[in-house]
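Going in written order, the chains are labelled A, B, C and D, and every chain counts its residues from 1.
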Amino acid sequence: MKDKYLLKKDHLLPLLRKLKKTYRLIAPVRNTHGDTLFTAIDRLDEVRIDLDKQPQNSLKQFFFPQQEVLFTYDNPAGDSYHFQPVVEESPPSLYFGVRPCDLSAVLYMDVVFLKDAKDPSYLQKRQNSILVGLNCNDPFASCFCNVTRSGPFIDFGFDLQLTDLGDRFLVEFDRSRGQEIITSWQQFFAPAGEADVKAQYQSFLEARGKFSLQVHLDQAVRKLALGEVPESVWEELSMRCQDCGGCAYICPTCTCFTIHDLQTSDHAGERLRSWDACTFSGFTRMAGGHNPVDRQMRGIEKRFRHKLQFDVKKDNRPSCVGCGRCVNICFGGTDIVRFINMTCCENS
Amino acid sequence: MPSQSKDLYLPRPAEIREVIEENSQIKTFALSFIDREYQDRFSYAPGQFLMVSVPHCGEAPISVSSTPVSGGAIHLSVRRAGRLTAAMHGMRKGDVVGLRGPYGRPFPMAELAGRDLLFVAGGIGLAPLRSVINTCLAAGHGRRITILYGSRTPSDIAFKADLTSWGETANVSCLLTVDRAEPGWQGEVGLVTALLAQCRLEPDDAKALLCGPPMMIRAVLAELAERGFADEDIITTMERHMKCGVGICRHCHMDDKLVCRDGPVFTLQELKQLKVMELLG
Amino acid sequence: MAGLATTFGSGAMTNSINEIENAQVILLIGSNTSEAHPQVARRIFTAMDRGARLIVIDPRRTLMAKRADIHLPIRPGTDIPLLNAMMRVILDENLADDLFIEMRTENFYGLRDMLFRFDLEETVRLTGVDLARIRAAAQLYGRAQKAVICYCLGITQHVCGTGNVQAIANLAMLTGHVEKEDTGVDPLRGQNNVQGACDMGALPNVFPSYQQVDIDDYREKFERAWHASLPGQPGLTLMQMTHGGKNGPLKAMFIMGENPVLSDPVSDRVEETLDNLEFLLVADIFLTETARRAHVVLPAASFAEKTGTFTNSERRVQMVRRVIPPLGQSRTDSDIIMDLAGRLGYAMDYESPAEIMEEISMLAPIYGGMQHDRLENSWGLQWPCWDRSHPGTPFLHKYYFTRGRGRFTPVVHEPPAELPDDDYPFLLNTGRIYHQYHTGTMSRHSALLSREAGEALLQLHPEDGRRLGVRSGDLLRMRSRRGEVQVKAELTETVRPGEVYTTFHFSEMPVNRLTISAQDHFSQCPEYKICAVHLEKV
Amino acid sequence: MHDVLTTCVYCGCGCGLYLHEHRGRVTGSSPSRNHPVSRNNLCVKGWHLHEFIHHPSRLTEPLMRKNGRLTPVSWDEAMNCAARELGRIAAASDGKAVGLLSSAKCTNEENYLLQKLARAVLHTNNIDHCARL
């Protein structure tokens, strides 16, 4: 088959070892405590790459760190004020084992950070990235990418994409950088045959049948668009939200941030950008104390409307990729799945 | 003048040329970029805003209150509200702040030409409208201009020089009112809506521009609707907490709109599509 | 925690945090859980989603109270009458667990006699809650198979704090709600390592693992281990040390990572005490209000710059790991102590915190099996953990109470030390808020937390607000017999008329200038929760 | 950039969380998914735990009061003074006039050492911490 290749599983580690010479390698690593995180790998032999568990972090923190310095300033006397951009060149990085949900999230972040104004820090990191995807044969317990249409398989957005076919991976590429890798390291890749492509499709069909959550996303989207979500749902949510911000921080597509100055001496400081959550009351409170949004009532509402109503209106798709990371982590039990289900059963 | 990508968030130093004390709460700062060449190239349109940096205080959006004239000083009228504006009020001629911008969708100046214009402002709300009025007058706007301005007390009346000069212009009528009179005040006392009742308006051929506190906006909107103004002929500006100014950070969201990018200037028609607190009782 | 030690034999959470989500009934008393212990609140909400019932005893209508099935809004300081009333209902309605009482406890008749002696109506009147609600709560708790009581500083920070805890323990034993998984009595510890500091013997009367200093066997054991002769008299408590005043017992203090000027009651007295010391040594990460008064201030490393262990509220001992080297010239507290000991002529040579832990595990039996290598690749171990083969103890008192039999200790009402009167008509309660922590040393240095909650607010009922002519945001002058502060009002129905609530996180509003130094007789815990104040608009 | 599992320093829940180190600075904090307490989420304080670590007002050098003002000094000078004064007062009073406050913020190992310092070196049981506050 044209443009489709096979990579023996036995050859994966040797390939990564080669790629690591050119790129900083970031892959899901199972640490000694039992957590799996996307980790920048120093020594391939000292870590355990884990393709069986969902990494608890997404790629968000690599392209849009929790906290970063935008620039430094100094103001030695009142009559001068200088700004010095912080140039932090991110090395060419290869992200390996990126699931379709996380890949979709990166594509969403591209829209936020690069569509109109081009965020320099994001752009720099994104331009230096190679995304090697991994289709999901076995969705995890909290996954619902089938209803957000961002998985379990994806056919665009990656540089290289792997599908597990047992003892081998089917390898596809979407962009020239992916093709370059295949060309440069052709000893690892053999052309795929029609049977392999059929096997891939079979995996896809089977994967679609393996989701355990029932999430009626379309119905919730429709009700939001029509303004049919009962006030009682918002009331229940606002009562339950404990204001931790965790849903936004853990979400691969939540990109709200705040900017503030950190004074480092009498006459100098840094301007920092850090993650923020639209559920916080300080997110909208203006200088002087006036707040156009009542957090108590509307904090969590804003977030769900943004993801399932406003982004759908704007881009015709929700900004939830169904990765399930927020499911069951809410202190008050109001994750997006719970919200969708509440919305759907309220009518009946 | 969108900046290049690499310095999207990087302010440029600008020197305070003059500080005009409008009232006890509002000061107007006349600024120009220290980089002369940049200053000469810099342009903006009425209704746009700049992100102003003050050392250790971060940034705040401030709308431009001057008329864009090539190389001319940029006026920012600042009401003391939080930490940054308080620090700015302590600054003097020769001090330096950081500026980036201009940002936001300006007033539709082309649509204003050839129409009667009604300006209704309260307090600091006159700042962005001042930029529009002076720009219209500089362009030789020939139609009738009505300016209604409400302040809390006579000593809170800001932009006095402008108000005087507008009052002396042939096709401009300028009416003031205060919430509370002080000794010596001969003028009106009451809400701006009362002034509105005195005005002759031709809603079919006029545009109304309002800017002020939400309470005032709501009252004026009700009155204008009654007088037959169409929603698309009523234009106002929205104020929100902002961080990036360039449509990324989402602090200034109003439903699917962002005030920094889709506003701050909106027609009533646009606002009615949104759940906007200022319009809801 | 003295109350639980005398009744159960061990003053710690009997359960693990995760067990709470399996309980059928949760009784919350004196705990603003959703703000002070969010992870515990998360378990409570999960339990409720699985069908559990929540009873909240709190004078304020906190978020927990709003979500409760039964909220008992008691008059502050009347926990004992309320708990006694519940126990009386349980006896009257035959909901006591007779078999448990017989098999596992002692002195039941002492409790029973006391409960039958008092006038129920009269007792209920003290609490300000109606009997029907108390009865409903008692029935709910008494009938449950798996029930958990969580309490916090709202119970202990009273003159009758120990009595409050004993009453809670009585209630749990009366119904057999202890010694089982998903069932028990859980004091929620306020600070990340307050449990560990107690376990380590940072207390005037005990060595590590609660071995009393005045028992010769224990003292001799430590004398042998440490090659030093040790004092056998229990020492001074924190309040005795910080409230001595001009002629206090101390001439020198070494304060490591605490800020008593802001955290202790009657701040003026603390300042006077510290200012009159001949020598004050403070080690901290920031120049706190206390450090500013020191003769020598040592820069300490933060938790991100050192290795060691913390013990959480559920007795879980877990690793703290160094992420970066100490900032600037700062040093870890252990390096500081070892250096100081050396200069005082006593060699403390530990090559690592792991070696210190080895010494601890040899001397503190409940930490017997806890060495860093075991803690390193696990989620920690819960004490007691007697030896290296012991898996740790998720819930306490299985088969028998630590002290043998659980002892019923009848307690009766003791009124608060200071109640409102004509001159000081409001009752002031103090505590924490969600976004800030303790004296704010750490949390106030976070930009986002400070944005969310940047100043102290005084919660005041709208009715009182109207009477005082005060709106939200107005500045109030708040005065007690000991001092005065200014604070912004926040009108809210969370508090009841006549009662006000604020926090002690903000040094600009040092509320502990107002609080009283009255303390519990046994635990010396100060009565932060009740004092009388006068309010006026500034 | 690397992630280090550690334990939260705020309340008594004891969440397990990762601190993210980037070029010598702690730039982020996130929960451990499998830790029995944190279970993949933290409260708002935990999520912002990294923010105070590098705050510019952190103490970075020993200070000693000279002419009424706290003045930067060397470790040697500070520690000599501390040892001299504590030692003198402890010896003169047989430990009775010396008091130590330990901290619920410090590690078990540090608490252990401080009470050992009190008892074995300064010969006093005057040691306590804010357990009741």
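A few points about this structure:
Definition applied: a residue touches a chain if its C-beta (ideal position, glycine included) is under 8 Å from a C-beta of that chain, and two chains touch if they have at least 3 such contacts.
Worth saying up front: this structure is predicted, and the values here are computed from it rather than measured.
Looking at which of A-B and C-D shares more C-beta pairs in contact, the answer is the pair C-D.
Centre to centre, using the average C-alpha position, chain A and chain C are separated by 40 Å. Chain C and chain D have centres, each the mean of its CA atoms, that are 19 Å apart.
Put simply, the C-alpha centre of chain B and that of chain C have 54 angstrom between them. Contact with two or more other chains is made by residues 33, 242-244, 258, 260, 262-263, 274, 276, 280, 331 of chain A. Chain contacts: chain C has residues 38-39, 42, 379, 434, 447-448, 452 touching two or more partner chains. Counting partners per residue, chain D has 5, 16, 34-35, 41, 43-44, 50-51, 55 as the residues that reach two or more other chains.
Shown here, the protein chains touch in an arrangement that is not a line, ring, star or fully connected set.
For chain A in complex with chain C, the touching residues are 32-33, 239-240, 242-244, 258, 260, 262, 272, 274, 276, 280-282, 289, 331-333. The residues of chain A lying in touch with chain B in their complex are 70-71, 73, 75, 78-83, 85, 112-113, 116-120, 123, 255-261, 263, 267, 269, 271, 273, 276, 278, 283-288, 292-293, 302, 305-306, 309-311, 313-314.
On chain A, the positions that touch chain D within their shared complex are 31, 33-37, 39-40, 56-57, 61, 65-68, 242-246, 249-250, 262-265, 274, 280, 325, 328-331. Across the complex, chain C is touched by residues 4-16, 19, 21, 24-26, 34-38, 41, 43-45, 48, 50-55, 57-65, 70, 75, 78-83, 85-87, 89-90, 93, 95-133 of chain D. Considering their complex, residues 2, 5-13, 15, 53, 55-60, 81-85, 91-92, 94-98, 239-241, 243-244, 246-251, 253, 255-256, 261, 277-278 of chain B touch chain A.
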